[in-house]
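I'd like to ask you about the structure that follows.
By written order: A, B, C, D, E, F, G and H. Residues from 1 in each chain.
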């Protein structure tokens, strides 16, 4: 509709109802958004098959339902992150097609097929069961983004031979996401083994000097393995999106 | 030579001088490193054309020269990061072929051609002149890694139209590195514009609540644009390596 | 009544019951407060139409009721900030005229008309639904102060075109309050667009490196847009008062 | 010149060389900056008489001279903040018209008259001689912005009667900037006395628990006086700009 | 009984059953505690009329009862600090003579008269109702220590005239305890008014940059009023004990 | 002279030139300071024999000389704290009567006799030679305040018998100042031995987890010995003033 | 079974089915773990009699049961740390042989005798009842590791004579674990008394400046007693394991 | 001589010059130190062959010389830690027998043979050249304590195979000290490989999120390998002493 406004101005000019200076002035006063710029187009490009995402933490079940219902009318897939079990139940009462992944704390409304993204899987590495909710948030998000996954679970720096034994898995993958709490040293060990992009996700697992994940975060940022990049604490969702950016770029360039 | 040790054990077995159990025992006692595992091979794969890197900060000029001389004998390219002007001069006195990029604080010994890495350039974004040393550290590292660069300098969140005007540049690039100090909000703005991987580098520019770069770091980690990943403060070198990991992965998968 | 004490001293002097030195001594010993100084007068000047405010957090419903009842006897308007729903209900049981704004967590007793403050509205900017309670605390406080508001909601740094599209709104406003959590970059973008006063309010929205609002706070303090000032985390009430100071000063000078 | 591009497109349309759809497409592809939008206009509105500002810290004297020379060609006034004495001397060697305020660490090139801003002065409050550099940075910036100043120096919370004695000064001012280090309590005392806007500037003066200014900063953010807003530590320049925003808004609305 | 052991050794020596060297050896091997040294004596000196104290936080009601019952057998007064209402009820079920001060969260068993301590009262200063629990913890502790109190409540830095009006109260007191949360500036104002010892107690009242009391704590430590000393956050009990040390020293020296 | 103004008003009233209402109004408009309130009187009371103090850190030698010269004209004693050796020399060039205590970094101009303060000495406790500058700052300040001192040096928690051996010294003292860096545990040990006031001063001695004195500070604030109070890091001067407040109060009450 | 793979390769070589080069290649491709290296053997050496450990915090009772059941099938002893009472009950419903130590919050399944570790006991030092859960976590872990214990409870820095009186106990012990919260000074006092290894465990006991155990942690790291080493906050389990490492090493070397 | 005092008292009793009660009283009044308790004896036991240690940082060369000269008169060995090259030269001018280890920044006066401590060496592990000063401080301290050393240098988590290859070295050692900066993950990897005591030393190597060693410190405290203990940042000296405590205990028990 914004284009309609511009078209109207241009047609006024074409038909002589306005002159160039008036048209110029009218165009200047149009809000930026009305121009339908590539910002949005690019977003669309990014969002081929990308679900709409609702961050459910701090929202009531009613709010989540309201937003999800509005989005779902467009026929798009919907993802609700950080959705606890009680809210999930409340949402399902209103939206019975909701699927709920309890470990990942993600609810989904899947209304269209998810096109695959990337030619190779992402290796998802994780040390212990305590880090699983974050790793599975990344996994479920990647599933919704069409990314295939290879899990490398139950490996750690204090038993590094188990990690080394999984080399072949890494050889098949285009990207690796490494989830770790406590001292957060796992990405360094992985980064020393592989040449693919390493996306590190610190978790808030641990106590005392673990500092709710900040020790793992700082550890990953100062890794002695070059070229590791880091997400916010517990942000499995963001890591999955970072992987999607890489896979999509790889498919375009 | 490690392979020689294993070969000797195997030949002893083949010629009957040892039996299977003894050979098995001998193999078990060989140090891991002797096996010439893929860890190193993979590193080599990563390092096609990759220079050896010396972190010069906290080393004396003599130490830097000593390490550089040892490496350069192999005919490889050498990079010395965080090399200040005084040390650079001292190094050049001993190694006259040293090139020195004063803004990036990087010295290089270029002994072989650098093969190009990646089919598309990396967009290097930077807000102001104060962030230039970090941005140019990334740029010089990328040059040594064979990556081509598109600079998008002098853009900022408090004048966001200048950034929006550079959309076409981003459209040509496979990856973007965004360097920002102070409040570090630039990667959010870039991340909202593009779908390619965004590697954010906080800088220690600023005073007071800038907290020597930690404010920019935390700002980037909590960005409202999904899928941004972050490097350590002032780590232009690491961002370049992260870009190299992405470009190399894209070329393989 | 304090004036009565002074008058008594002066009349003693006038009628010859005391001499100058005794009167001087008596005056010196009067407590400062008794003089009815301009401090209070100025406060009164400030409080033309200003409601009395009760910070309800950490008080019991009984305490809130007690204070509110005492104040309301004077016929003044009363505002209770940080009043949760349970306490609000308990207060209304005692003070049935209580109005309760659940999003803003503010209860009000409106006993007299609120005179308008300022000739132009305040633009209230806010990125997402999570920041609404803080934004609405500012809005409800401004309503009670007689300030008119223009809401600019659902704009963000990672989609900056939506913000730019609202320029005309800003052109009509005398002040802007910008509420933002996470990385808190929105005030920088607004500050680069407008020349009016920008009052930034960080919120505690976010997790991990959001540091309960301190990242947004530090981000706003180090903004690259000049002349932005900042309130405490989640302090929508304080931002509204800062706007009132500006509007009142503008109307006097 | 950007307008020229648009004019060319419109003239092509007017003369029939393009049709509406092509013109629409051409307009869409113009970079935003080329449109000469109000962002810049507004900035100009703000900058009537506003000097260009160079943040000299972390720049070499040569860089400062280079930028200053470029700007000064436009005939505008130039301000160099955080310019130490040695750099100031080096700049003056190249730009002999430089004036240098050593306490404020600001150098200026004054090429045109500074129009007055605001009908009333700003009260500049400061406790001790240690805070003078920050207070004078605010003062010198305000001078360059055309703002008149009333200094209220040598007042403190531990001798609050000296502050109360200056009430009349505050009664004449439209805004007050309060500069304080150590425990930073002065803005609370001022905020309780006056109804005008209070801009608080913490300084890095003090040791130990003064935390390089963060104690004063936090103290000001949590002030019991309502409606105080705060700048970054040592940011006298920013406080002056915030005052300018207020005075300019007051003159427009 | 320890003295008995020593007496036995000495009597053995006196009666010739041991010689000097053996007695010397026997004495050396006695544990220190057995000697009944002045450490304990001094403690007794300090504890004339001083109640035994149980820190109830983190203990179960059963544990508190057990310890209290054991102490009370000695006929001493007992104080239980940080005793919440639920525990107090459980304790009273077992020890019906328990008195409970709900605001101060202190339970007491008063079995003997409390001798007065100090010839002059302690001025107990406090800004607002939120700080009352900490102030009253100090008050109740002082009551149990025999210290008389003058309350100076509802005074603050943002209305400093109310504080100044209470000068006469301070003139009667030997010590002042100043309790303050938020920005914690009240001790500076008091310290500038009086020459008696000022014991500052920060409280955890406030949000955001109040940092759970650390802002008030740092503010008090960096006070511009000389000679103020500070207790831990919310430690009204410790402040009362510090006052007791001062009053007791004053009565001895 | 302020009293003169009030006298003039009162005489006008007495002589019938003004009436009571006018006199009342005139009194109200007098600035507070003009009334010559007890604030100043009390300060004078406190300052019997108290030197004027100049905090020399961050001031130039010229500034220190200027202020010292001005004060010394009044015949008062002057103390310059945090005066380094170079500045001391520069000050002495101008003020030859300067005495300089290099360890305490204090310069003094002693123009009148110092009356003794307190009937008993202050025990000054200090663990090691690294803490001496802070301990001696306290000592020199106490000397200038007329307080006598008993030094208890070279005692520490990791050799606690040396401390216990000094009991008799403590028995003679009215107050103790305990200076400690590193883990700052000494005040706890002293506080468990004595019933007199314990003023703890953390020092910035140590490295790593000593956190520039914050570990010692926090350790002292959380001491298991009741009633210890704490000064800012390295603030020997403040501890001496706190002791003076105690001794003076003891002599009055 | 991994050895079987290697044996197969070697037998192929021996029987001439493969040649040396092929065998060499096959061996290179075996994953590291398959080789049955000493890493695991050493772990076994360490784990003679060592129970398997489940960190129960953050796991559901179901998960704890599942893991415990799986491990217990091997006949090994099992320890569940940080197991709260509710989970313990739920676990016992499924595994009736569970023993539960409520103070230590440890559940155990003891299926085989625990061989004694070390010839001398470990002295377990602890100041107060609040630190008991951490001390008892260490004690229960040591019991399961076969270590004998001497408890030295209810000693503190503010009553150091009680500690000195326990010298003989220390003389019998090979290692000491010192558990302390608040200011955490106890390990310094112990470290000054003994020459055996001192393992310090900070606890999260305390409030305000106790910083949830970080003050005790920092205090212990900066202890003036040489050669003290420190565990994470509240990590009684880790301290017990550190003692086990020492005792085991002592028995081997 | 203290024993002399006690002997005199006892002889007075034996010879009838005093009675038991007087002797008892006299003994009670003896200072603790006079009893010649085991504290000192134990220290002596610990210090068989242990050098006296001077922490030179923050002392002048003169002070270091003075203390060293005093100690050396006793014929003991002397160690000066954190002695920079300039001070070392100044010390040598006065004490020509000084040996100086520039990397370890330790000066020594070796006046007697150093008896060997422990039957097995300590493995000293270190990742890179930047950590060498700390590792060599540990090494030089261990040399002075009579401990033999096996260096395992140039191993890291991002190339973990080099570490695994050194297993045999660890098999020969009784203790291991692991020195690491940056993310500090090396102790976790070592701790997972070995069952001997692991003493971790974080170093201040690194920038930005390395936080001057606090990231490595926190990483080591939260290690997933059980039973690792940690020293202060850069405290190679303390790690060596901790190893000495372990070796000495092993030789006694």
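We adopt the following convention: a residue touches a chain if its C-beta (ideal position, glycine included) is under 8 Å from a C-beta of that chain, and two chains touch if they have at least 3 such contacts.
On a predicted model such as this, the values are computed, not experimentally measured, just so you know.
Undergrad: Give a one-word verdict, same or different, on whether chain B and chain G use largely identical residue numbers at their interface, taking over half shared as same.
TA: Same: most residue numbers at the chain B-chain G interface appear in both copies.
Undergrad: For E-G, which listed pair, B-G, C-E or B-C, repeats its interface with over half of the contact pairs the same?
TA: Checked against E-G: the matching pair is C-E.
Undergrad: Please state whether A-G or B-C has more C-beta contact pairs across its interface.
TA: When the contacts at A-G and B-C are counted, B-C has more.
Undergrad: Roughly how far is chain D from chain E, going centre to centre by Cα mean, in whole Å?
TA: 50
Undergrad: Using Cα averages as centroids, what's the distance between chain C and chain F in whole Å?
TA: 39
Undergrad: Using Cα averages as centroids, what's the distance between chain E and chain F in whole Å?
TA: About 25 Å, centre to centre.
Undergrad: Please set out, as single numbers or ranges, the residues of chain B touching at least two other chains.
TA: 32, 37, 39, 159, 161, 164, 167, 192, 208-210, 214, 217, 221-222, 232-233
Undergrad: Going by the touch rule stated at the top, which chains touch which?
TA: A-B, A-C, A-D, A-G, A-H, B-C, B-D, B-G, B-H, C-D, C-E, C-F, D-E, D-F, E-F, E-G, E-H, F-G, F-H, G-H
Undergrad: Can you list the residues on chain B that touch chain C in the complex?
TA: 127-128, 156-161, 164, 182-185, 188-189, 191-192, 206, 208-211, 214-215, 217-225
Undergrad: Considering only the defined contacts, which chain G positions touch chain H in the complex?
TA: Contact set of chain G toward chain H: 37-39, 42-43, 45-46, 53, 118-120, 164, 167, 171, 174-175, 192-199, 217, 221-222, 226-233, 237-246, 248-250, 252-253.
Undergrad: What does chain E use to touch chain G in their complex?
TA: Against chain G, chain E makes touches at 31-34, 37, 39-40, 55, 57-59, 63, 202, 204, 212-214, 217, 232-235.
Undergrad: Which stretch or stretches of chain G touch chain E in the complex?
TA: 129-130, 159, 161-162, 164-168, 205, 207-210
Undergrad: Give the list of chain G residues in touch with chain B in this complex.
TA: Within the complex, chain G contacts chain B at residues 3, 6-7, 10-11, 13-14, 19-20, 23-24, 27-28, 32, 35-37.
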